[in-house]
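Here chain A shows up in two complexes: once beside chain B, once beside chain C.
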Partner chain A sequence: MTTLQQFAWLTRRAVVRTLRQPAAAFPALLFPLILLAVVAAGLGSATDIPGFPADSYLQFALAGAFVQAAMVGGINSGADLAVDIESGLLDRLALTPLRRWALLLGQLSGAVTLALLAGVLYLAIGLLFGVEIAAGVGGVAVILALAVVSALAFAALSALLALRTGSSEAVHGAFPLTFLLLTFSSFYLPRTLIDVDWFKALATYNPVSYLIEGVRSLYIDGWDSQALALGFGLGAAIVAIGIACASAALKGRLAHR
Partner chain B sequence: MTGHDFGSTTLTVAGRNFKTTMTNPGLALRPILGPLVFFAAFAGGLSAVGRTPGFDFSSGYTAFQFAFIMLQGALFVGLFCGLALARDLQSGFIRRLMLAARDRRGIVVGYVLAGLGVTMIATTVLLGVALLCGMQLDGDLLDVAGMYSLALVICAAGALWSMGVAFRMRTVQAAPLMQTPGFLGLFLAPAFVPYALLEGWIRPIARVNPITQLVEGARGFVSGRPEDLLLTYGVAAALLSVLAIWTLTGLRRAERIA
Partner chain C sequence: MTPSHGFDIRAEGLAREYAGAGRAVDGIDLHVASGEIYGFLGPNGAGKSTTVLMLTTLLPPTAGRAAIGDLDVVADAHAVRRIIGAALQEVALDPMLTAREHLHLQGALHGLRRAERVRRCDELLERVDLTSVAGRKVSTFSGGMKRRLDLALALVHRPSVLFLDEPTTGLDIRSRTALWDDVRSLARDDGVTVFLTTQYLEEADALADRVGIIDDGRIVAEGSPAALKAEIGAPSVEITPVRPEDAAGIGATLAPFGPSVAARDGGLSVRLAGGEAALADVVRALDANGYAIGHLSLEAPSLDDVFLAKTGRPLEAASDEADALETREQVAA
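Up next, the complex of A and B:
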């Protein structure tokens, strides 16, 4: 079996596994929608704040749902890897000539599948409720691409956690952390409208702000090269660092067998 | 059946649960740190919402959010009572307790009392931190007592709801069923802006949502201008009565199975 075939086999396994676990997939798809619904309704009048960048809070907040789904999908993907460790599957795979990167990247495909499903769902819901994409039809592909990069970033970090701890409980335990990352970002309001200095600093240093702002720019501003460069650049950097660290952790785990 | 039996069951269960929570750092920190994080996030990150035209809460946005976060923290303490009960039902502890207790309503009241104790501590920490951070509290001591009373009411309501679910489902896997309605009930009230500024589909829902009255009541106490107290406590009494029936019928069902 060539390395590409190994990757394809593991990708297929991760995708099928994701689609066959509705109990895990549905919360990842629906929870961001529920939060979006209550926040968009509760903060609808925030569009009246001088300097608010959009006429509709739903148009502003929708971007957060893409990133939140990527976070939940990433956690699920890491938890699946941890289950493989707990069940001993990873040890058995270590006895085969499977390439490390094929194993790791194949595992991340589950998160990408979920991010794409969520992306299409949120795009459709946005259109249904009259949310326009300022970047036009071309923006749709870029929104989905940024959702995929976000999913890969969180899945890589989650895989690292799974490989370091070998515990699905520990990976699921990271869920509140993702919620904090989202809360202390520009999820609710644009950074320009955050009055409190320490909060503004946190949101500015929080990479999640830039992932959200990348998607948001396509909805509100059109083609904002700076927002897109920051979104894709930071996302890709997290993916690269996450995969490199996870790969080293996988090597260490397999070496101890 | 004697009053002593009810009282001793209540005190035993309450003491055990309170001690379990307060001596386990994982359980003790959650109800204290959770509201602090939300307070920092909402009062800090959303303070610009206080500049929305028509926002007229005199004590400022931090105090406006404090009342909501206080009730949110208390509600989640209550919801975790049901989770603790489900765990005890699964482990068989409740079955043994039911054999020993003649008046099993004491079990319900014991779990609720433990939750109320935790709520008192969590609310006090939150209030202390909020005041240290410069929150403007315009209410007097009586208003502060009113604020605490509403936190205790919503904690008891959350506990009764989640325990009713726990008695019926008897598994910790019912946690989403315990927590999701509480989460929705809370955020379908005026969480971020006053009721008058709510727009769209949420407005009619918030109008009939009983939690709205409790949130507005708590904000009235924080600002030192409590209004519609009769309505607020009437809604609280009605809510607790309905949820008490829900829990006690769940208890009867669990008794039949045990």
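Up next, the complex of A and C:
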């Protein structure tokens, strides 16, 4: 069996597993919507600030929902891997002629599935509430692609945590971190309008800002090559570093428990 | 099933040391012949599972070596994995997948092509009696069903050597004997070499061609169950008094007949140094002292007697000690 076929089998398993756990999938889809509804209702007057880039706050904040769903889906995916470690399933898989990267990437596919489901749902809701995609139909595909890259990034980091700790509780414990990352980003306000220096600095160094701005640019501005390069570039870098570290952690776990 | 051929298990000075926790396995030598069922008997924490993890390539030894056939478990780990199957202590299943999906996934990862995979899955489902529930998610399975599926998964790729780590722990008697039948058939009909760990004396006795008794990381006795029991020789007599207050007096009366051994709750037991012939004298002595006997039985030597003779404590007590230690460690942590 080729490594690609192994990957396909593990992808299938991760997708089936994700879709059969609605209790885990629903929060990933619904939390971002609830937060979106709350901030859109509470911070609507922000649109009056001179230089605010959107007509409605919901339109502005929608991008954050894609990234938040990617974070929650990523954590779920890492927690699933930790459960495999706890149950001994990882050992069973290790006793097959399975390639490490097929195992890792297959595992991440659950998060990708959830990110795509969330992406389509949020786009539909956005369109329903009058959000227009400035970059057109092609922009829709790129929004989903950036959502997938974001999901892969968080799933890879979450897999690393799972492999280092071997504990699903430890992975679930990372949930509060996702709220911090979201809060100290450009989710609530454009970075140009944040006038508190330390907050602005945090948002500037926070990669989540660029994932959100990449998505946001596609429906507000059209094709903004700088925003897309930063979003995809940082996302891909996190994916690469996360997978490389997770792969090393997997090797270590299988060789030296 | 196509008969499997010719892989034995060898270990020389095999050891595993955990940082700060000492040696879990302390230099064991093993040889399990091809097609043999080898029972690895010992209390919790004796080093059984650590040995299995090393023999199945999942844990590198810190000293010594082990091989499956001619393949070293460290240097040839990938090749070893193709010829062994393992059902480890915890049933390793995804609760969200069905039994059939598990078997297909495992078969595919082992490289079985679709037609062969379908045939093999049906055959194994039949073998472990799960055909009627093959489409149900594993989360709905009983403990026995999960154990049987776990065994089927270990067999998907027709391994020549099978490792079963406490395969019947938590199973009811019916499921346990069904699994014993499966294991016997694998060795007898298919020529599979079986390495089975257990803390159940009757399991090792009923199933294993040879038994290795492990305690505190070392093999303390090895041989066929019959040979090990023959080493002990004398039977024991167990007596339960009608009046619990007679226990001390009965103990004193029994003392001249041989050393005291472990007995059921409320009972007293001694190994009869004079053999079965001493039983009549025991009864006469008890009668002469006026003790009322509720229950009296003559027990042939068991593997527990072997364990007691080799380690100085009964197997059950050793397991309880290990459990208590584990609990203390968890509380301390």
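Here, the second predicted complex is superposed on the first by the 256 of 257 C-alpha atoms of A that agree within 3 Å, B and C clash if a C-alpha of one lies under 4 Å from a C-alpha of the other, contacts with A are read in each partner's own complex, and residues count from 1 in each chain.
Everything below uses one rule, namely that a contact is a pair of C-beta atoms (placed from the backbone, for glycine too) under 8 Å apart; a residue touches a chain by one contact, two chains touch by 3 or more.
Keep in mind it's a predicted model, so treat the numbers as computed, not measured.
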Give one of first, second, both or neither to describe whether A:Leu189 is in contact with chain B, with chain C, with both, or with none.
first
Is A:Gly88 in contact with chain B, with chain C, with both, or with neither (first, second, both, neither)?
second
Applying the touch criterion given at the start, work out whether A:Thr96 contacts chain B, chain C, both or neither, answering first, second, both or neither.
second
If we overlay the two complexes on their shared chain A, which of chain B and chain C does A:Leu128 touch? Say first, second, both or neither.
neither
For A:Phe199, decide between first (touching chain B), second (touching chain C), both and neither.
first
Taking the superposition as given, does A:Leu43 touch the first partner, chain B, the second, chain C, both, or neither?
first
Where does A:Val137 make contact in the superposed view: on chain B (first), on chain C (second), on both, or on neither?
neither
Complex contact set, residues of chain A against chain B
34, 38-39, 41-46, 48-50, 180, 183-184, 188-189, 193-196, 198-199, 203
Help me check something: in the complex, which residues belonging to chain B touch chain A?
37-38, 40-41, 44-49, 51-54, 184, 187-188, 190-193, 197-202
Contacting residues of chain A [partner chain C, same complex]
1, 5-6, 9, 13, 16-17, 20-21, 84, 87-89, 91-98, 254-257
Parts of chain C lying in touch with chain A, wherever the complex brings them together
53, 56-60, 78, 81-82, 84-86, 88-94, 96-97, 101, 105-106, 108-111, 137, 153
